[in-house]
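Okay, so subunit A shows up in both of these, paired with subunit B first and subunit C after.
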Partner chain A sequence: MSDRARTTVDSLRSVELAAVAEEVASVLRHDLRNKLAAIRNAAFYVRRRLAKTEAWTADSRLDEMSDVIQKEANASNELLNQTLTLKHLFARAVARIDARECVRQAIACARIPREPALRVELDAHAGEVDVDPSELTLAIRCLIENAAEAMEGVGVIEVRARSSESHYIVEVADHGPGIAATECALVLKPFHTTKKGHAGLGLNIAARVAQRYRGRVAVGDRPSGASVAIHLQLPDATHAL
Partner chain B sequence: MTSVLLVDDDESNRLTMSALLEVEGFDVREATTFAEACTLLSATPSFTIVLTDQHLGDGLGSDLAPMIRARLPGAKIVLMSGSASAMTVTETWDGSFAKGEDFAELLRLIHSLLIS
Partner chain C sequence: MTTAAEGHEKYGVLVVDDEPAVLLTMERLLSDDVVLTTCDTAERAIELLQTTAFHVVVSDFNLPGLNGNQLFERVREQPEYTSRLLITGSDDYEQPTGGERHYVLLKPFDPERLVTLVMQLGRVAEMKRAVKRLGSSLGEKTS
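Up next, the complex of A and B:
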């Protein structure tokens, strides 16, 4: 492997590590905030209902203990609010780039079975977006690997990329078993997976990257014959205000 | 009595939030899922305020907005979330509340929305 190729692989690996760490931290923060909110509200309710009762005034420690619950829950919430910086893992380098190059790069480095078992058909047009190319490459790679897993490594993945009005859209379609209507809202939920042995973070990482650059990931209209199409949409930089 | 629809899939949050709102004099109906919220909105179109968690097990709270706007044009929508990044107020809803903040803050928000 050449020095340049090795540098690219190392860079993508650090982006992937940062993305997984960010996703896990984000899920933990969200879930802990929910728990703390319930604790704070419950303590608030108890104090409010009991503060003027005989039992409350007879034991000053009830008031103190109530304060401890509130204070510690507040302090824990503050800890969660402190931004977790991942600069030691990955520093973003946002630039105006041709998104088509990220699509090509993502296909090249995706960890999927190769021909003849699995084939990737590409139809990509040029389009400018403002992103860190390593992150966009990772996001598209996640969509491709997700499609390959859905088809259990056999078949054809269709990747189309084009500008459409004010957006650049990358569409990854597979011919796997499809997604039930009731599952559509869940596929972007962290750690949600129907595949044994998988963490269920790929689509979520792609969605987080898209959101960072004012885009989105969603289940989209399927091309003829495909069972699922995931769309990654980003603002087209040439249409930016 | 001001009627509130509280949508949250977290049982503890729903229980405590509902109790606090009732003490404040609100008439609270609860929905535990996106689907249940849709059912209640279809059957009982009389809510003044809808408080919804963003990340419900079977959908996003913000995706309830079109149905609420269609059925209850005067209702106020408050989006709640444990994710600070999701708390940007848009035209889709009227206010947002970060879970973990003081309940008093939520009350202030609700009263300001009722006046507006």
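Up next, the complex of A and C:
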């Protein structure tokens, strides 16, 4: 491996680690905030009801304990919010780039079986987007690796990339078993996976990257013969206001 | 909606959240002051909107199936103005672009703030509906 290729792989690795850490932390923050919301609501309700009773006036420790619950819940939320600063540890280098280069880079770096077992067919057109290229490469790589896993490493992955109206769309289609209608809404949920030994974060990381640059990831229309197509859509920089 | 002891109409409020403990505690907080209906999916909320003109819809953002923003698109199509309050614990929630914006409360919110906000949003819906009725009635008289 050349020095340049090694540097690219190392850079992608660090972006991937940052993305996984950010995803896990974000999911934990979300879930814990839900728990804290329930605790704060319940504590407030109990206090409001008990404060009207003789027991409350007779025993000052009830007020004291109620205060502890509320203050500790607030402090826990503050701790969670402090972890938001971790988001800034990864310095992004946003630039106007040809997204096609990220598509090519993602295919080259994807951790997937290679020919003859698995073949990636590419039809990519140029298109300018404003992103950190390492992050976009990672997002597309996640879609490709997800497709390869769906096909258990055998078959053809179709990657198409083009500008369409005001967006640049990367479509990754596979010929695996497909997604049941009931699963469509779940595939972008963190930790959702039907594959043993997988964390279920790949599509979620891709979606978070897309969202960061005002784009989205969604299950899209399938090309003829394919069983699933995931679309990553970003605003086309040449159409920006 | 039912009539309160003070003679005021209680606001009809629909709360949608798939987290059982959050839904239960919000129900307990609000049920003294409003006529409350709860459910845990946007799809069920849309069914309820077909039969009831709520003053306020309070919804979590992350729901199984349709999310809170998508639910609010349907709420906006209601014939009567309905206030919308989104609650979320997500770091990076963003209002949808275009269209009318809705109110947002971040979890874990101050419970007292929730009650106050829901009552204010109930009043907003009531006033907007009254203005619309007045406009229609004036239109009928002048035509």
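One rule holds for everything that comes next: the second predicted complex is superposed on the first by the 234 of 241 C-alpha atoms of A that agree within 3 Å, B and C clash if a C-alpha of one lies under 4 Å from a C-alpha of the other, contacts with A are read in each partner's own complex, and residues count from 1 in each chain.
The criterion applied here is as follows: contacts are C-beta pairs under 8 Å (C-beta built on N, C-alpha and C of every residue); 3 or more make two chains touch, one makes a residue touch a chain.
Keep in mind the model is a prediction, meaning the values are calculated, not measured.
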{"item": "Side-by-side fit of subunit B and subunit C on subunit A, or clash", "value": "clash"}
{"item": "Subunit B versus subunit C as contact partner of A:Ser227, first or second or both or neither", "value": "neither"}
{"item": "Contacts of A:Ser163 with subunit B and subunit C, given as first, second, both or neither", "value": "neither"}
{"item": "Partner chain(s) touched by A:Arg40 [first = subunit B, second = subunit C, both, neither]", "value": "both"}
{"item": "Touching both subunit C and subunit B, counted on subunit A across the two superposed complexes", "value": "26, 29-38, 40-42, 44-45, 73, 77, 185-186, 211"}
{"item": "Complex contacts: residues of subunit A adjacent to subunit C", "value": "26, 29-42, 44-45, 73, 77, 84, 87, 185-186, 208, 211-212"}
{"item": "Partner subunit B, residues of subunit A touching it in the complex", "value": "26, 29-38, 40-42, 44-45, 48-49, 73, 77, 80-81, 182, 185-186, 189, 211"}
{"item": "Subunit B to subunit A touching residues, read off their complex", "value": "10, 12-13, 15-17, 19-20, 23, 34, 55, 57-60, 81-85, 98-100, 102-103"}
{"item": "Partner subunit A, residues of subunit C touching it in the complex", "value": "19, 21-22, 24-26, 28-29, 62, 64-65, 87, 89-92, 94, 106-112, 114"}
